[in-house]
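Naming follows writing order (A, B, C and D), and every chain is counted from residue 1.
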Amino acid sequence: MELPNPVLTASGCGGTGRELAQFSDVARLGAFTTRSITMAPRAGRPTPRMAETPSGLLNAVGLQGPGVDAFLQHELPWLVERGTRIVVSIGGGTAAEYAALARRLADVPGITAIEVNLSCPNIEDRGRVFAREGSAAAEVIASVRAATRYDVPVIAKLSPDVADVVAVARACVDGGADALAMINTPVGMSIDVDTMRPALAAGTGGLSGPAVRPLAVRCVWQVHAALPGVPIVGMGGVTTGRDALELILAGACAVAVGTALFNDPYACPRILRELEELLQRRGLDRLADAVGLAHRPAGSQQRTRTDLEESSL
Amino acid sequence: MAGSPVQVTGTVLTTRRVDAYHALTVVAPGIADRCRPGHFVTASVGGPNTSMLTRRAFAVHDVKPDYGGTVELVFGVRGPGTAWLADLRARDTLDLVGPLGRPFPLPRDPCTCVLVGGEYGSASLFALADALQARGCRVDFVLGAPSADRVFGALRARRMGETTTLTTEDGSLGMRGKVTDVLPGVIADARADAVYACGPMDMLRGVTAVAVEFDIPVQVAVEERMACGIGVCMTCVLPVIGDDGVTRMVRACTDGPAFRGERVRFEDVGTIPFDALGAPGGRHA
Amino acid sequence: MELPNPVLTASGCGGTGRELAQFSDVARLGAFTTRSITMAPRAGRPTPRMAETPSGLLNAVGLQGPGVDAFLQHELPWLVERGTRIVVSIGGGTAAEYAALARRLADVPGITAIEVNLSCPNIEDRGRVFAREGSAAAEVIASVRAATRYDVPVIAKLSPDVADVVAVARACVDGGADALAMINTPVGMSIDVDTMRPALAAGTGGLSGPAVRPLAVRCVWQVHAALPGVPIVGMGGVTTGRDALELILAGACAVAVGTALFNDPYACPRILRELEELLQRRGLDRLADAVGLAHRPAGSQQRTRTDLEESSL
Amino acid sequence: MAGSPVQVTGTVLTTRRVDAYHALTVVAPGIADRCRPGHFVTASVGGPNTSMLTRRAFAVHDVKPDYGGTVELVFGVRGPGTAWLADLRARDTLDLVGPLGRPFPLPRDPCTCVLVGGEYGSASLFALADALQARGCRVDFVLGAPSADRVFGALRARRMGETTTLTTEDGSLGMRGKVTDVLPGVIADARADAVYACGPMDMLRGVTAVAVEFDIPVQVAVEERMACGIGVCMTCVLPVIGDDGVTRMVRACTDGPAFRGERVRFEDVGTIPFDALGAPGGRHA
């Protein structure tokens, strides 16, 4: 899978693509990642759905969306027409539902990759989130992999709030994941001390933004160290080219931008520009030369060996 | 929408206090050009290295052609973001995105409109009144707030409106009570054809009920917590009934903020109505 | 266990007590929590040991300290003399080592509670941190509980980077913990994009400060909901009375202040003052009335029943 | 220590550029009173709602009695914290904690001292020179930096010092080279009894080696990344040999920043020497 550049939108943060297109050309994105598409339409969670925290954002949108049929009818074609690289994120409550979604997408042209949002509650395991447990995650990935065309990569999206992210990553790769995306939002909460009630209607929510970047860098670092051959899409608090480079040096070969889009709708092209400048200033001609570079032993010269293709997922 | 929104690093031209509120005039040509009544803008707050990530939304109070185009925002200090804005001084820069949202639709033919504003909600009504009067409409104002210092724009309303009725809950200005207490009388006296309202959700609900009672159209501009303002985050939704009779959770920022009042399910704001499209266990799920 | 007030210092953030005493009276603290004391002296990790992240701080001090003997000889007596309430934090590499530490402390007068830092690598389980796994954590707690005088409470300090903090909390309580402290720092990382190397010599470090407060509030909330009778010391990003109240409304009956001390050495008395004012303005005469108050069903009246004593751990 | 440190919300009196550096004079009575040469202060940066949590450490350049007491800091812009400080204007407030650290010990009897400053490190040497001269000491300066604009205080050194020798790596001011290239000559010419040095770690290492060569005492003021500056966080440690010959990881902020040069294990800074107290697998563990 080749991308025009390594800066993607993060799932659930770029709307349908049309909204961002008011600001800049979506075909110029490394890829547009859709919100997590579900089988049936979903109204999501009640409001308030957002709360600001220090350098962070809590959200509990609850995968609001029109369902896969309406998505294929009204949202995907528009993106395809524009020549956008499209990563379709999918979410479900059982492995079977993920597989059914993958089957529904299998014959649809124009899909660059399937990203499996594993931060959904497993309705067969008392609502425990798939990403929390390697075997549940692997089962989902295997069923999606089996239902997806061989030439469409399946990306497993992991969450940082587990005891051992490497174990979950390894399980997903063993289950057939072609690449990994991390991090999804860890679960957080905020309480309004004036109303003395949770700030979000849903109580807890996902924490995103620069506050979680150290967790994202750590996850990418650990997984890249353990599974150096597996492409990683890094995300979590990327707001500048420096942040993107941080994740790349940790081992990501592409980055996704989420919360930063809310403050700066031009974030993706800006971050790409900044990243390219930083790479150039460091004499890193190819992005691949920078991937995982911070892992080289202290004091050693710049890595020359490259085991990853430019922007390949 | 009158053209698509842009991001502008504006320069603060003037700052002033207006009773309980702060008003900022910002040079922001690209935005000013495109603004229509009911549009809003979002401001990045806190400066470099701030811990505040999300933009704050503000109705555009006034647009002027000076310096290539200025917008004026009127706001009360609620939390740290508005506190930061209140500390801005002339010549500081302010990063704005706009114009955003669906502006107020205007009547095709001249008619009589009552414009109802609660607290700073009235800020967006004067540009609307201008546009209505330019189309030959008669405009009457009803402005209310808990207390006199929080009624915004009374003088200007008096200058512009055929009539202006003020209410305060503590009786410190105008009639003691709420805008909905006086609205039926104003509608009746003016033989109003339509109502526009902007203010707290409770007020919009009450105003809508009155308009429905009189069987005249009502446009309300709602306020919901927004993380992006541009339609990508899905945090600002509220239940609104579509043309097809189906309730959907729609975005205040891009499907609104102006809605037909009777389409907004005010009683269900902050919930997912069981019959909304995609509601848990609902018929469409 | 009664404390004069609910604002404590967090382990590892108040030095030996003497340094803070230059700014305000340590006897006025709810309690002074020591850095985690180890059996032998420890030199800790190489420098750089700190990196700033957005609203957060990464640290990798590595439990530098003089060892339990020197602690008992040079540090504890000074605190005892001043009438300070003292929570002694302990850290070890095996359950046996924790137990040995607890025995060493058992006959020492003036210790208000033992806090067990479970975020230490278990040298018998390939360095896996105790707090990551309920049974390992419970074993440590049980051995410390057994070695500690009955009237000295044992507090289990938990970490947020687990799949299920409630399960670990429950295991610790079943193992004999009298109270819980949360959160310890989740593992994070930062890479210096100029040197293109990890910012910390140790690579990864613990993330603290306001950035992690949403994780702390969530952990306290979840554990209080599951184990409402268990006293919780809340910590993680408390810098103001509002932050303290947030954790209390989530279910903490005391709070500890860590990173905030680095910016404001007067943080503890200031936060206490701000907290008291906030409680008073809300008509909450007793702290106990506020503990867990955000859990009451939406729209219900203020809780009047109280199942927790004021500031009791 | 000359009294314990305090926190002061100071007011910026003046700001000025000095070549590559910024200088801030801050009214901070409680701190100014207590400062002795070699003390440092920490500044809270970023203002309200900032994402920057830790204070930044700066040597106190000058203390004056004006307005109850002022301190002057001299700094280069390195990252976001110093960039924020560089933007401060007169009348802004600045939150300082100080004085912090162990100041330079002064000789009991009059003697000849060479004061060596690298880059902004020379900032803390002038107060020291004052104190030394007040005790009847002779003072000679050696100041160096990579380039002329980064040599701080050359004029003042020329006014105060018996001799002043400047070095720059690019030769743009004084001798081309490093302070350590000229230091042996200065020590020999002045028949110096002691050396004081402040600057980058590499320079301190070199200066110490020279002083050891001459068998004269040397005091160095070190810089380490600090999260607290008050001795509670243990992030600022470096390996220093104690009176008992045992190497310990000691805090730069409270055990230093001034140390006897020969006691600092410069080659091992950034490591835990295997023979340090409590080193992993070490003999004391």
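Points to keep in mind about this one:
Quick note on the criterion: contacts are C-beta pairs under 8 Å (C-beta built on N, C-alpha and C of every residue); 3 or more make two chains touch, one makes a residue touch a chain.
Predicted model, so just to flag it, every value in this text is computed and none were measured.
More inter-chain C-beta contacts link the pair A-B than the other of A-D and A-B.
Chain centres here are Cα averages; for chain A and chain D they lie 46 Å apart.
Centre to centre, using the average C-alpha position, chain B and chain D are separated by 57 Å.
Put simply, the C-alpha centre of chain A and that of chain C have 33 angstrom between them. Spacing of chain A relative to chain B, judged by their CA centroids, is 35 angstrom.
Residue positions of chain C touching 2 or more other chains, listed in rising order: 54-56, 209-210. Residues of chain B found to touch two or more other chains are 51-52. Contacts between chains leave no pair untouched here, as each chain touches all the others.
Residues 46-52, 80, 83-84 of chain B touch chain D in their complex.
Interface residues of chain D, counted against chain A in their complex, comprise 51. For chain B in complex with chain A, the residues that touch the partner chain are 4-7, 44, 51-55, 97, 224-238, 248-249, 254, 269-272, 276-280, 282, 284-285.
Against chain B, in their complex, chain A makes its touches with residues 12-15, 19-20, 22-23, 35, 40-52, 54-57, 59, 61, 64-67, 201, 209-210, 259, 261-266. Chain C meets chain A in the complex at residues 53-56, 58, 132-133, 160-164, 186-191, 193, 196-198, 203-204, 207, 209-215, 217-218, 221-222, 237, 242, 245-246, 249-250, 278, 282, 293-294, 298.
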